[in-house]
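Two complexes, one shared chain (chain A), two partners (chain B, chain C).
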Partner chain A sequence: MISLRRVWTVAERDIRMFLRYKFLLIMRAIWFIAQIALFGLIVNSMFRTDVQNAVGGSYFNYYAAGIIVTMLYSTAVFIGYDIYEEADHGVIEYLLSVPVSRKELVLGRSIGGGLRSFLYVGPMMLFVLYLIGVSSVLQLLAALLSLFLFTFGVSGFSITLAVSIKSSDRFDILMGVTDALIVRLSTTLYPIAYMPQYYAGIALINPLTFAADLFRWGAGIESAAITPPLLAAFGIVAFFSMFTFLGIFLHERRLEGGGWQ
Partner chain B sequence: MPPVIRILNLTKKFGNLTAVDHLNLDVEEGEILGLLGPNGAGKTTTLLMLTTVIKPTEGTAFIGPYDVTREPDEARKLIGMAFQEPKLLWVDAPWDILNWHAKVCGLSAEERKKKVRWVLEELELWNERFKSVHTFSGGMRKRVEIAKIFIQRPKVAIVDEPTAQIDVVGKHRIWNMLRDMRDEGSTILLATNELHEADVLSDRVAIMHRGKLLVCDKPKKLKDSIPGGDVVEITLEKGITDEMLEKLREIKRVVNVLAIKQNYLKIYLNNAEEVLPKITEFFMKMQLSIKSIRMSEPSLDDVFAHYTGLTIEEAQR
Partner chain C sequence: MVSMNLADLFIMAVVYTNMVNPNITREYVSYFVFFAPGLTITALFAAAFMIGREINMEVRREISHYMLSLPIKRLELALGRVLAGGFRGVIYMAPLLATTLGITYIYTSASPNPLQLLTIITTLSLLSIGTSGLSIALALSTTSFEKYITARGVVYYVLFFCSTVFYPMGLIQSALPQLTLIAQYNPLSCGADLSRAFLLGNPPFDPLMLVDVALFALIFASIATLAYMKVTQK
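After this line comes the complex of A and B, so read on.
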């Protein structure tokens, strides 16, 4: 039986850890400002009215919502890097020895990794919502709830890759490539309607597409280019469930089988 | 009473290397069992299997009633481990490390506050409680590691070289704290390379070599098990004859007698405290006055060397 107290204790540790990476947090905040204040504004001025209308009236709003989701993604995957730091210092063995079940450990780490990313991106999200202007609070709350699950799923995904690869260099390279593919083959930066058919197929099942479109729906952006919210929410739940399960499975098979090495 | 740790045919293979080879061992409730062995004997691998950090290739172990391979979650609730290498991140401070450990072990906020303070003061880390462990010496980090056990006070405490790198005063303090824990009902499995530590702390000592258990008994019995392990050195007023030497060798439990000089003898025997009166009586009968007498028991070093076939220097290599 899963104890919520133990899950939260594990999650809380990861949240505290994240706050100590001051350099990373400052750099990510600068990246966000550059994306919104430079790239977003400039690219927005390049698009014709028909393009703006296709994405709900303003490409800037569409893009800003997408950037929030990429921020959530890129900060939630950071838990994988934590796992390598912990492996170097032997902390993984310690975590495997404490009176917490593997399910509680992986669930706690997924939640901790997701929640800390949500807390960090929260102020930026509020700023973007202020720029877009929220039309329905209920709709927004439903979207935020799904985004919570999305960040937990991304953390689970990162944990799964980290424990599968067991090499920080390879993980770093893989995350760079994954980031390039998963962000660009999604609707975070542009709608599916403008993608070639063979790219669109992948974007349709990409969890970033589900998250970005749900956030846009929650923020009140109305466009035919946005994935239906129920379908997107279902996709996020499936993504979260799959990687939490895989994370638990791999913790048991890959780590306990013979330790980290 | 059933043993609190029961190890049954426990085996761990890493590729072609057999780190632990069909190990069988029982640890009784409320005892300190010292696990000795040279580097690479399989001590740490055994402890990691008991704490469910790694899975055995074959065999199993029971912690209380729980099988570590089938009920690891339940087994972990009874165990606490202080690792050989302190498991700390460079950004951590002792207060946060211990407070989190106490929390994950289920202590309430009030208990945590009290126990974390107590252990930090006991181990002289109170003034450094908010400093990053990055700035700590090896001995200080080791104290943070062992502190986890003293807060948790598990039913089964597993400590891997608990006082390595710690100064003499600190060592004695930790030994006393481990004894207190044992007296309060914890069972302690102590893996160490320090034979003196095993000798002063352990109720029983198990010696491992190349993944196998060679022997397990009380330190006194192990020392007595070495043939001629006790040595009595006697200096006489006058020289001894060959005939008297032969008679001396015939005394029960005397294993060998060496006449280093005519009046200086080295007698190898078992249970010296029982045989010594007979030896002094023998010299009185022979009208040989004893000028000086010195008795030495075998140490665990001798026991270790006897069972592993290695000197301490060889074992450390």
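After this line comes the complex of A and C, so read on.
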């Protein structure tokens, strides 16, 4: 039987740990400001009128919403690096000795990883919503709920990879490559309509596409270029379910026995 | 880092090419071709900047004391570190420059003559040395890793986004005219535009581009050398 109290204790620990990475948080904030205030503004004036119309009237708004989802993704994957840090310092053995089941541990970590990402990106998300302007609160709440699931799913994805690979160097390289491809092969930066066919196919099933388009829909960006909200929500639920399940499954089997490099 | 650079070129730039107003990039064939020389600069800058992080760590852990025990003069040690950072950038940049040469040749059927190629390589090498110097000077300005990371972030993004690496100068002038001066004298702009001048014929080559990059290299290599010598003597 899973105890929610114990799950929350694990999640709370991860949130507290994250707040210690001050430099990382500052770096991400600087990156966000530079992306929006410099790159976003200049690139906005580079695109054709039909592109601006296709993305709901302003590429800047479209881009700003996409950057928020990119940040949610990049902060949620950080949980995998935490696992390696713990393995390096022998904390995993300590965690295995505490009266928390493996399922509670991985569930707590997924929730903690997702929540801390939301807590961190929250102020920037509010700023972007202020820039875009919210048209329907209900729509926004539905989108935020899906984004919560998205961040839990990303944390589960990161935990799954970390415990499967058990090598910090390989994990680092894999995450670097994944990060480079998953963001660019999604609609976080541009709509599918302008991608070549061979990229569009991947973007259509990319969880970042679902999250970015759902956030835009929630913020009221009227555009035919975004994925229908029901389909996007379904995609996020599928992503969340798959990686939370895989995370629990692999975490239970592979966490013990050492072998961390 | 390689995957990030290649993804920027072969995914992001390809998609942006389908979205960009053709009037903006007409002189450069397409956005993809325009961005290719910029990619070399991003790769070079990122690789040359890495030495600062290592030197900041060495100072914090006092590894510099071990360095002083080596049979090398302090000036040689300091200058060697600056040049090593620069060479890293050049080594990392080389395959990406070859990719850029290939792309521009495929799209324009033109290739630079040996003198032009030599000028490009010299300029990019100077840019790499200047970047290494900037990174070391920044790393030595504080022993706090958090402060260093923050300063690095500010310098990194301001230099990149206020340059012509991602977009032409005309666009910066019209979208954010306040940044024009920074973008014009930014060594990253000069490096990217000098490469474009010889590879794409636009913007026209201006010797001041080379002077700008040379000054950047001279100033930051000198500051970094002096700062390194001073810090290791503490």
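In this section, the second predicted complex is superposed on the first by the 256 of 261 C-alpha atoms of A that agree within 3 Å, B and C clash if a C-alpha of one lies under 4 Å from a C-alpha of the other, contacts with A are read in each partner's own complex, and residues count from 1 in each chain.
Heads up, the rule we're going with is that contacts are C-beta pairs under 8 Å (C-beta built on N, C-alpha and C of every residue); 3 or more make two chains touch, one makes a residue touch a chain.
All of these numbers come straight from a predicted model, not from anything done at the bench.
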**Message:** So in the superposed three-chain picture, is A:Ser101 touching just chain B, just chain C, both, or none of them (first/second/both/neither)?
**Reply:** first
**Message:** By the touch definition at the top of the document, which applies to A:Gly176: first (chain B), second (chain C), both, or neither?
**Reply:** second
**Message:** Once chain A of both complexes is superposed, is A:Val91 in touch with chain B (first), chain C (second), both, or neither?
**Reply:** first
**Request:** Kindly classify A:Leu41 by the partners it touches after superposition: chain B alone (first), chain C alone (second), both, or neither?
**Result:** second
**Request:** Give one of first, second, both or neither to describe whether A:Leu141 is in contact with chain B, with chain C, with both, or with none.
**Result:** neither
**Message:** In the overlaid three-chain picture, which partner chain does A:Met195 touch, first (chain B) or second (chain C), both, or neither?
**Reply:** second
**Asked** What is the contact status of A:Leu231 with respect to chain B (first) and chain C (second): first, second, both, or neither?
**Response** neither
**Prompt:** With both structures placed on chain A, which of the two partners, chain B or chain C, ends up touching more residues of chain A?
**Reply:** C
**Message:** A:Val10 in the overlay: touching chain B, chain C, both, or neither? Say first, second, both or neither.
**Reply:** first
**Request:** Indicate the residue numbers of chain A shared between its chain B interface and its chain C interface, in ascending order.
**Result:** none
**Request:** Within their complex, state which residues of chain B touch chain A.
**Result:** 14, 48, 51-55, 73, 76-77, 79, 81, 83, 85-91, 96, 100-101, 103-106
**Item:** Residue ranges of chain C touching chain A (in the complex, touch as defined)
**Value:** 1, 3-4, 6-8, 11-12, 14-16, 18-22, 24, 145-146, 149-150, 153-154, 157-158, 160-162, 166-167, 171-172, 174-176, 179
**Message:** Quick check: in the complex, which residue numbers of chain A touch chain B?
**Reply:** 5-6, 9-10, 13, 16-17, 20, 85-86, 89-91, 93-94, 96-102, 256-259
**Fill in**
Touching chain C in the complex, chain A uses residues 22-24, 26-27, 30-31, 34-35, 38-39, 41-48, 51, 176-177, 179-181, 184-185, 189-190, 194-196, 199
